[in-house]
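Both complexes below contain chain A, partnered by chain B and then by chain C.
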Partner chain A sequence: MSNAVSILNGASSNGAVKITEAGLRGMITLRGDLSSTALKDAVKSVVGLTPPSERKVKSGKGGGVAWMSSDELLLLVDYDKADATVAKLSKALAGEHHMVVNVSDARAVFLIEGQGAREVLAKGAPVDLSPEAFGAGDLRRSRIGQLAAAFWMTEDESFELVCFRSVGAFMFDWLSNAAREGSLPEFL
Partner chain B sequence: MSTRLASGGSVIDRETTVSFTFNGKQFMAHAGDTLASALLANGQTLVGRSFKYHRPRGIMASGAEEPNALVNMGQGDRFEPNQRTTTTEVFEGLTATSQNHWPSLEFDIGAINNKVPRLLPAGFYYKTFMKPQWAWKHLFEPIIRQSAGLGSAPKEADADRYEYFYAYVNVLIVGGGMAGLAAAREAGASGAKVLLMEQTANLGGRLSVDSASIDGKPSDDWIAETITELEAMENVTIRTRMMGSGVFDHGYAMGYERITDHAPDDIAPRHRLWRIRAKRIVTATGALERPLSFAGNDIPGVMLASAVRDYASLFGVSAGDRTVVVTNNDDAYRTAITMKNAGLEVPVILDARPEANRPLPTEARALGIRVETGKGIAKVKGYKSVTGVEICSQAGEGTPLETIPCDVVAMSGGWSPVVHLWSHCGGKLNWDEANAMFSPDPTRPPLGADGNGFVLTAGTASGDLATAPALQNAIAAGRQAAIEAGFTPTESAAALVESPPEEPMLPVWSMPQGAPYKLRSKSWLDFQNDVKVSDVRLAAQEGYESVEHTKRYTTIGMATDQGKLSNINGLAVLADSLNAPIPNVGTTTFRPPYTPISLGSIAGEARGPLFKPTRKSPIDTWQDANNAVWEPVADWRRPYTYRRDGETTAQAVTREINNTRTGASILDASTLGKILVKGPDAAKFLDLIYTNMMSSLKVGKCRYGLMCTENGFLFDDGVVARLSEDEFLCHTTSGGSDNVHGWMEEWLQTEWWDFKVYTTNVTEQFAQIAVVGPNARKVLEKLGGMDVSSEALPFMGFTDGILAGIQSRPFRISFSGELSYEIAVPAAQGQAFWDKILEAGEEFGIMPYGTEALHVMRAEKGFIMIGDETDGTVIPQDLKLGWAVSKKKEDFIGKRAQERNFLEREDRKQLVGLLTENPQDVLPDGAHAVEGGKNRYGQENMIGHVTSTYFSPTLNHSIAMALIKGGSKRMGEVLTFPVSDNKTIKATVVDPVFYDKEGARQNV
Partner chain C sequence: MLMLKCPNCGVTAEETEFAPGGEAHLTRYSSGSEDQAFTDYLFARKNPRGVHFERWRHAFGCGKWFHAARCTATLEVFGTYTAQTSTPPDDIIAAIKAKRPEWEGFK
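== the complex of A and B ==
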């Protein structure tokens, strides 16, 4: 897969907040009964984590797992492990009603790093991003301006954001504009 | 003449001087000045012309309510009309020009309207519609269009940036005066997250001017201490230069922050529109002073009494040397006292009330100011500036008793609480008889989702005009808001306020009481739109009873100030004319925004490249570099064609078609929707979603399918591939993927929730590249890695494997009628795969083709296109697609609807092919066929229209598809299409499949 390229090939911009296109990530949509033991075990067997609760994300050495809806998870793994992970999950869940599909190529991933990252997102997402309401491990499926997006906070006040690949360039421009020097409201 | 005083001016910095220009003339101001105070400081009292009569206009107010002093601000890409001088802070290099006059502010031709006001009475605009009929088009419309509008429209794109910000707080406080500060302190002390916004640059509100003693301290100290306290609270944020512009459902409020209006060189965005969710909103918006209606009350120099003392005490500016105060209340005496104490003349205070003996009038008299009770102004003298007043008895008809020279008239008709934000979302008002004003009814607030009120009012905005009760009210409001937001206020001692007791005001709606027409027709209500007492009376006489109708008929309150000064006076005059009580007439509706906000702030960042997202395929960069002529396809951009040097667009399309029909071409079909459907009930589900049978599809095979709405109308189509017994991949149109996915989920979640089916939209996971043409197989064979023979991969089959070293899924499907493979590869490898095909295909003359070649080739084959042959009223049977509508299935979405007799009628518009008589004549898209005779509107009888039309290079003939009434039975008929006044195209009805009817070319 040496010829696989992400939407902006790792582009970044440095305003008040740093925006980076994170390159290719392995992403797997898993739909099923999130309360079933089989599903929990299957998830644990591939990323070493159990499914998180509503609007939460977990991450560890083996990857991450994000809550997407009441019957959908997003598993985060290395890009080149995605197909093998899909196969492993399919095998583990054989006989269970489920859907597992590699969506790595359908997405663009961005990192929003630095003091003020909350405010960059709050310019486009109708979400309470204050420290009281949104902390590490919190996730929202929402929008950024006119674009659908999911984002979550990591340990160091930074965010990861995923959107569709076709609008990746637009998302990068939007985030870079929102992160311009001198434009943060300094409210959050 | 107005000028800068030697002392005073609490918000200006006399050490810092800035220069600005007005109408090209350079002036000096101090930091902290508004443009209005700076103009007055420079003696510029004439600042504009009124809308209708082009009357001279001066500065009347000192804040957001200003109706007159609007200017064109800035130049070039920073030009903006109708900017309020009273809310514009001066900065170095500011340029402003006055509006609505020609050739100059001093001499304005349009003022001729002033001489013939009877030609422009109330409702003149509507009256011009009546008769004679020719007059509107030839006389009134051109004149009105020419003279409409105040400022000029900007000619250049805005140079500034704007943005949105979403904020969430427990308590939002609008207004940073005494009430806002007190409420914020109470709410803040409870631990609630508080955001206080103040529209001006300074906190303190009226208390900064009309001081009192609070808790034994001067009010300036109280303000400073309260601000210090608030700044120490981490849970409280104060934002100045931010207006609470609107209140909407469920605690949603809009804040309009003017970040760099006063500092245009700052790198920050110019305006930020805050969208705030608050558990409780406290409006501490104060009150606005009302003008009095006397003849000549619009002449420059006639000002609100409060504004006259604001300019003196906040900015150290005198509005004039000799100020006559005219009032119906005690408060305006403060202006007389302020001016007198500043060493200026106050020749007389005219008080419409029979007597005035409380502390403020007493203090005025003690200063030696003449006070005349029971008196008013008959008429103001002057035109471009006030030269004096004729005084009269308020009770009479305006007989002048005495003329008093002056250059300023400070008027006060009482105060009205600012109830706008309270009312935006449904808060109700009570009529307060004693103060002659509408004030919020706390028992009828705007209601939130839980049925409880979510807006509280504080201070004078509640209707408590005196300082002491206003402060108590504000403290209570802050505490109550905190409690309702789930917090516990701390103990708080009630504040002790000392301010002089005041006499009740006397409602005065006309001055003098019995003013005759001559005076009424010079008594302004709406200063910006030129509506006078006589206009409202005329409207009442002509039968207007509703205040909303009267507003639109007379245009009162419809100017950019939205009637902040005119509404109450206007409806009081209307009530008086109708002989009805004021509360029965009621108010007009208060709507956001409170004052106009910039269009830029509404657009936010969505302009230029960020105006609207464009979806781009994985091959987009290559296409852009290879002369793609772009066309929008839903939210995508797709190459219409790839133009080579020296080619026209049409020539490029022809080349691409010929190459595809004779050799091999490639198409980027990545935009096609792809939805994965999986589960034990997937087949059953798709049998319901599609009109045809999908459960009988064999694994490894593809089938073309149609989707209809519940009403039976075709809305999407595409090829379905069965991946395994319980898994299908459904292709949709490029524009339909999100809708179809949403449609499937809706049925699964709301109707068939017991089905075991999951769906995922995998549209963007794959780049899908079609290799098309007689040599397509040879190209794929050269790529290598997979058996692509007709035996291994027959028509309407698909397989998974490796092509050119990349994981691929070729589908043997064809939208061109040629041998065709549509190959899905992971999107991230789409470009690499595209490159490899071009390389392998080089010896076969491979080239990319765009959407127009695709369209022509599909039309040659008679394939329909959703959106061309369908328009939301077309059923599959209309398009000769009845074969794809199952007769065996018990049910599918649209089945019942298609059994309605209207949809079964034989004379519905049906798809036909058309061959024009002249092969070179291409029918215009949408051309109508006529069959002779006229309908009842005198139009030709139409029988249908062209849905797709092209010149086919393959057939060397123009071809078209059309929906024609009873079309299936018209085979061979010649139809007439009048396409312009002097041209008619005739075309023969034929089968819509023009090329390779047997389908031999694709099935090889």
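== the complex of A and C ==
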């Protein structure tokens, strides 16, 4: 079997805020009727979580599940388990109108950690990232500079960001530059 | 800069997150129709100064299409609504009437 590698093989940059390419992550796109019981049960059976409400993300021991649009979820699992999870979902949803695809190798994941993570993302995304408007478990699909991306906040005030693998290197450069030492506002 | 609320995902975002889709509620004339009707469908647009109905897509967000009613002169947005309709809903019409009493109505 070929040796899978992520876009930047776990590169990281230590500026005012730490940017890390997260390495291999299992990601599965699941589209269908999010209100259907069969779909909810199928998601629960593979990641142990029910689908989150609008613009939210849930994570637990078995993985995570992110709301991407009114008919789309992104399931976050271990890289090795992605194909088996897809097979399991397909079986559970047989007969339901749905689509399930392993997109692990088509996406890049970045971690934005440290005080000021909000400021780094706010430089590129037209999103209100103030603590009142955006908290842990909130997810937003938007853009960073000119790149489409989805990001969400974890419990410890850091962010995880997903974008297309093809623009992963540029995304890393963009985020690293935005997180450069001395480039964040003084009031932090 | 326009601020639009996507009715599909509930996000209020600025214009750069959306892609414009031109005038809304067009009747599609295709093969078998009168040449004039087909030409008008392809090329003739209202281009009004004032109330306008448009299609937009939440390109960087949920990716879904929706409709917006806005004023082309002031950029005021009267409301956004589902793409699964061929005429503006009553509440949007009422919102426009409340702010533009002189508006002659849809179509």
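Here, the second predicted complex is superposed on the first by the 183 of 188 C-alpha atoms of A that agree within 3 Å, B and C clash if a C-alpha of one lies under 4 Å from a C-alpha of the other, contacts with A are read in each partner's own complex, and residues count from 1 in each chain.
One rule holds in what follows: a contact is a pair of C-beta atoms (placed from the backbone, for glycine too) under 8 Å apart; a residue touches a chain by one contact, two chains touch by 3 or more.
Just so it is clear, the model here is predicted, and its values are computed rather than measured.
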- Task: Could you look at A:R141 and tell me whether it touches chain B, chain C, both or neither (first, second, both, neither)?
- Result: second
- Query: Where does A:A106 make contact in the superposed view: on chain B (first), on chain C (second), on both, or on neither?
  - Reply: first
- Message: Applying the document's definition of touch, where does A:P126 land relative to chain B and chain C: first, second, both, or neither?
- Response: both
- Query: Once the shared chain is lined up, is A:N9 touching chain B (first), chain C (second), both, or neither of them?
  - Reply: neither
- Message: Taking the superposition on A as described, I'd like to know which of chain B and chain C A:T37 touches: first, second, both or neither.
- Response: neither
- Touching A:M68, do we find chain B (first), chain C (second), both, or neither? second
- Query: Is A:T29 touching the first partner chain B, the second partner chain C, both, or neither of them?
  - Reply: first
- Message: Once the two complexes are aligned on chain A, which partner has more residues of chain A within touching range, chain B or chain C?
- Response: B
- Task: Report, in rising order, the residues of chain A that make contact with chain B in one complex and with chain C in the other.
- Result: 126-127
- Message: Using the touch definition from the top, list the residues of chain C that touch chain A in their complex.
- Response: 8-11, 13-14, 16-17, 59-64
- Message: So in the complex, the part of chain B that touches chain A is made up of which residues?
- Response: 161, 163-168, 193, 195, 237, 239, 257, 266-269, 272, 275, 277, 604-606, 609-610, 612-618, 636, 676, 678-680, 756, 758-760, 762-766, 806, 826-829, 831-832
- Message: Considering only the defined contacts, which chain A positions touch chain C in the complex?
- Response: 54-55, 68-70, 72, 126-127, 140-143, 148
- Message: Considering only the defined contacts, which chain A positions touch chain B in the complex?
- Response: 1, 3-6, 24, 29, 31-32, 71, 97-99, 101-107, 119, 122-130, 132-133, 145-147, 164-167, 169-170, 173-174, 177-178, 180-183, 185, 187
